[in-house]
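Quick one: structure below, then a few questions.
Chains here go by letter, A, B and C, matching the order in which they are written, and residues are numbered from 1 within each.
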Amino acid sequence: MNNILEQCGDLLIKVREKQPLIHHITNYVTMNDCANVVLAIGGSPIMAMDKNEVEEIVSCSSALVINMGTLNENNVHSMVIAGKKANEIGIPVILDPVGVGATNFRRQTVRKLLDSVQFAIIKGNMSEIKTLAGVNVTSKGVDSNTDDIGKELIARNLANELNTTIVITGKDDIVSRGKEVVVIHNGPELLTKVTGTGCMTTSLIGAFASVADDFTIGGIAGVMLMGIAGELAYKMLLKDENVGSFRVKLMDCIAEFNEQTYIDNGNYVIAEK
Amino acid sequence: MNNILEQCGDLLIKVREKQPLIHHITNYVTMNDCANVVLAIGGSPIMAMDKNEVEEIVSCSSALVINMGTLNENNVHSMVIAGKKANEIGIPVILDPVGVGATNFRRQTVRKLLDSVQFAIIKGNMSEIKTLAGVNVTSKGVDSNTDDIGKELIARNLANELNTTIVITGKDDIVSRGKEVVVIHNGPELLTKVTGTGCMTTSLIGAFASVADDFTIGGIAGVMLMGIAGELAYKMLLKDENVGSFRVKLMDCIAEFNEQTYIDNGNYVIAEK
Amino acid sequence: MNNILEQCGDLLIKVREKQPLIHHITNYVTMNDCANVVLAIGGSPIMAMDKNEVEEIVSCSSALVINMGTLNENNVHSMVIAGKKANEIGIPVILDPVGVGATNFRRQTVRKLLDSVQFAIIKGNMSEIKTLAGVNVTSKGVDSNTDDIGKELIARNLANELNTTIVITGKDDIVSRGKEVVVIHNGPELLTKVTGTGCMTTSLIGAFASVADDFTIGGIAGVMLMGIAGELAYKMLLKDENVGSFRVKLMDCIAEFNEQTYIDNGNYVIAEK
């Protein structure tokens, strides 16, 4: 796990070279942002969710991103068949279980997805990850305000249980594939005041995973890029500028990001077991 | 009804303190903007529209916003059951009957909603409100260009008939719960050239209503905040800037808004009966 | 075909005078952008896709834009009945067959649409247009990277076969109604790095077609406006600004566009037969 920042930079170079097609079955609220962030990072987004075509779309894609933000019965069905197809052809599947603790419908859906599909990376906030881990949580909608105790343990255990990479976003971000746990300190508070920054992070992770040998690095590259770009955009804000301008500059910073940006700004520690 | 501006400011403080969860069953065109505006004002948005989960979402929310912009049979059903649940647990329901005069499907839907759900606030343009009031109108899509005659009378009568607060947006905005009529003079013409400013106003009203004892003040706080933020954003436009930059600065101004902004910029009269 | 730039300018003046209602049955990813671009150009957008109301919406509209970006069975049905109604009442129908080569579902849908509806203008990238022309293509999602050879021939032949105006977007844009072929050289590369610029171009074409006697000019006016506005926005970018700011300035430039902007910046040739 040495040279993590260099490895992240290498993935970014690969994404820009290969322009991977990233298939999204995602929510209606932030899908435009997700498409734009994939373009900004050098990938090619496609949003397709009808059961009549998702298998074909998966077949020409390099990764599949499943986001549960605005579930309905139709897209659940599409998620399952697209996820199975992605497993079959060997492209990574990334899950963002948005608001999974909020309703029975979401909990049942995530159970069905976990039973049917092998995920390369699962990314959520602490509340969502705890729900997956079977910990009882009181979810206040899609946000999480639970404490940090046990965060690293939960990530590691769930990664082992599901044989996947777990990314937990929050004040600090945590990435683990069951052994080491990487804690990332990038990302300003203002990112939580713009809708879709979480979904965009998942899309970035999808783009990186599509060219990664090691999904831990893919997860780190995505979550850290959003954090650093957020910090850079925040520093650029002028007087009277707030979330509107921040969102614009965030997208600028993502498009301007290069491998040196990781090295100059990346801030992480590898936690002891 | 004294100190209206101070009461609006108090509601804004309360929203920022309580961060109420505002459940939206809304249209696909502007849902991203609506989520961002709720975050900018200090609330927490959730967009969920599937019949399998809307009652649970309502149950952990502080207000329900129903927007008819892109109706289909599925979301109509969700609107009815979510609205009934909201009434049952006592959280305010806000209706934005977008383009209700345009089609039979919309008129039938609004009739079903009015028969099933008690609304705290209904917000529309003159054409939409006239349709609700049973006045024959020729709707040109979702916009209204009818004259102002009788505006105040229509607002007061419809508020009494439906036992609700009526907000009519236009060059001037009108708010009434059946007795006094408050006429608000804030808001630049350019607001009509950005899609979703009407929907965002409804989302703001939802956030304010969630913490209001008096829904008239909730309605005023929402519509006036959008008007004032629009004026401030308009003044900030540089040479060659137009709707693109206006939209960004509008969101900045909404996030920067505080109780003093109401007092410095609010412009209204209370009309005589 | 003299004075093409003046004719484009005349159409722009007409759109701003008449404020035509442009009905969209379009994709969920970019519908907000499409609504905003129609407003910026002086038109009035309406997005409605339920089978229960599309015929009524068409009946009060001046053009119908059908965009296949996020197909599902419900909106395919709505596209067919809305398209037939538009033909019946004589308003132009514009088709954007997004990603048509990607799946059987899309190819079958476009076949159904072409069999049921007479289109005034069909706009796609080379890959999409080749699919319509029955040329075998390997589509990489919704983008096209095929060569330019035969572009003009394909446009002219397909226009004749389908009795429509064909617009092919790419590095150069091509417009033909079967005889002359107009090649437009406006538009910076960066337009391909923002999602929805293609969909927005189709919406612009819809607005222009709604007031045009000659759909070739309608197609040219739309595609050239996006190209020129892109060039102007690109020139305005400051250091560290990229796709985020570009998108904002693009919308500014579209709203600031006037008939002189065509004359000062339009760059085209009429290709020999």
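Following the convention adopted for this analysis, a residue touches a chain if its C-beta (ideal position, glycine included) is under 8 Å from a C-beta of that chain, and two chains touch if they have at least 3 such contacts.
Because the structure is predicted, anything quoted here is derived from the model rather than measured.
S.K.: Just how many steps, at minimum, does a route from chain B to chain C need if it may pass only between touching chains?
M.R.: When the steps are counted carefully, the minimum from chain B to chain C is 1.
S.K.: Would you kindly state whether over half or under half of the residue numbers at the chain A/chain C interface are used by both copies, giving same or different?
M.R.: Different: fewer than half of the residue numbers at the chain A-chain C interface appear in both copies.
S.K.: Calculate how many whole Å lie between the centre of chain A and the centre of chain C, each centre taken as the average of the chain's C-alpha atoms.
M.R.: Comparing mean C-alpha positions, chain C is 33 Å from chain A.
S.K.: Name the residues of chain B that each touch 2 or more other chains.
M.R.: Where chain B meets two or more other chains at a single residue, that happens at 28, 32, 247-248.
S.K.: State the interface residues of chain C toward chain A in the complex, per the touch definition above.
M.R.: Contact set of chain C toward chain A: 27-30, 32-33, 69-73, 99, 102-106, 139-143, 193-196, 240-245, 247-248.
S.K.: Considering the complex alone, what residue numbers of chain A touch chain C?
M.R.: Answer in residue numbers: 21, 28, 31-32, 35-36, 39-40, 44-50, 52-53, 56-57, 60-61, 74, 236, 247-256.
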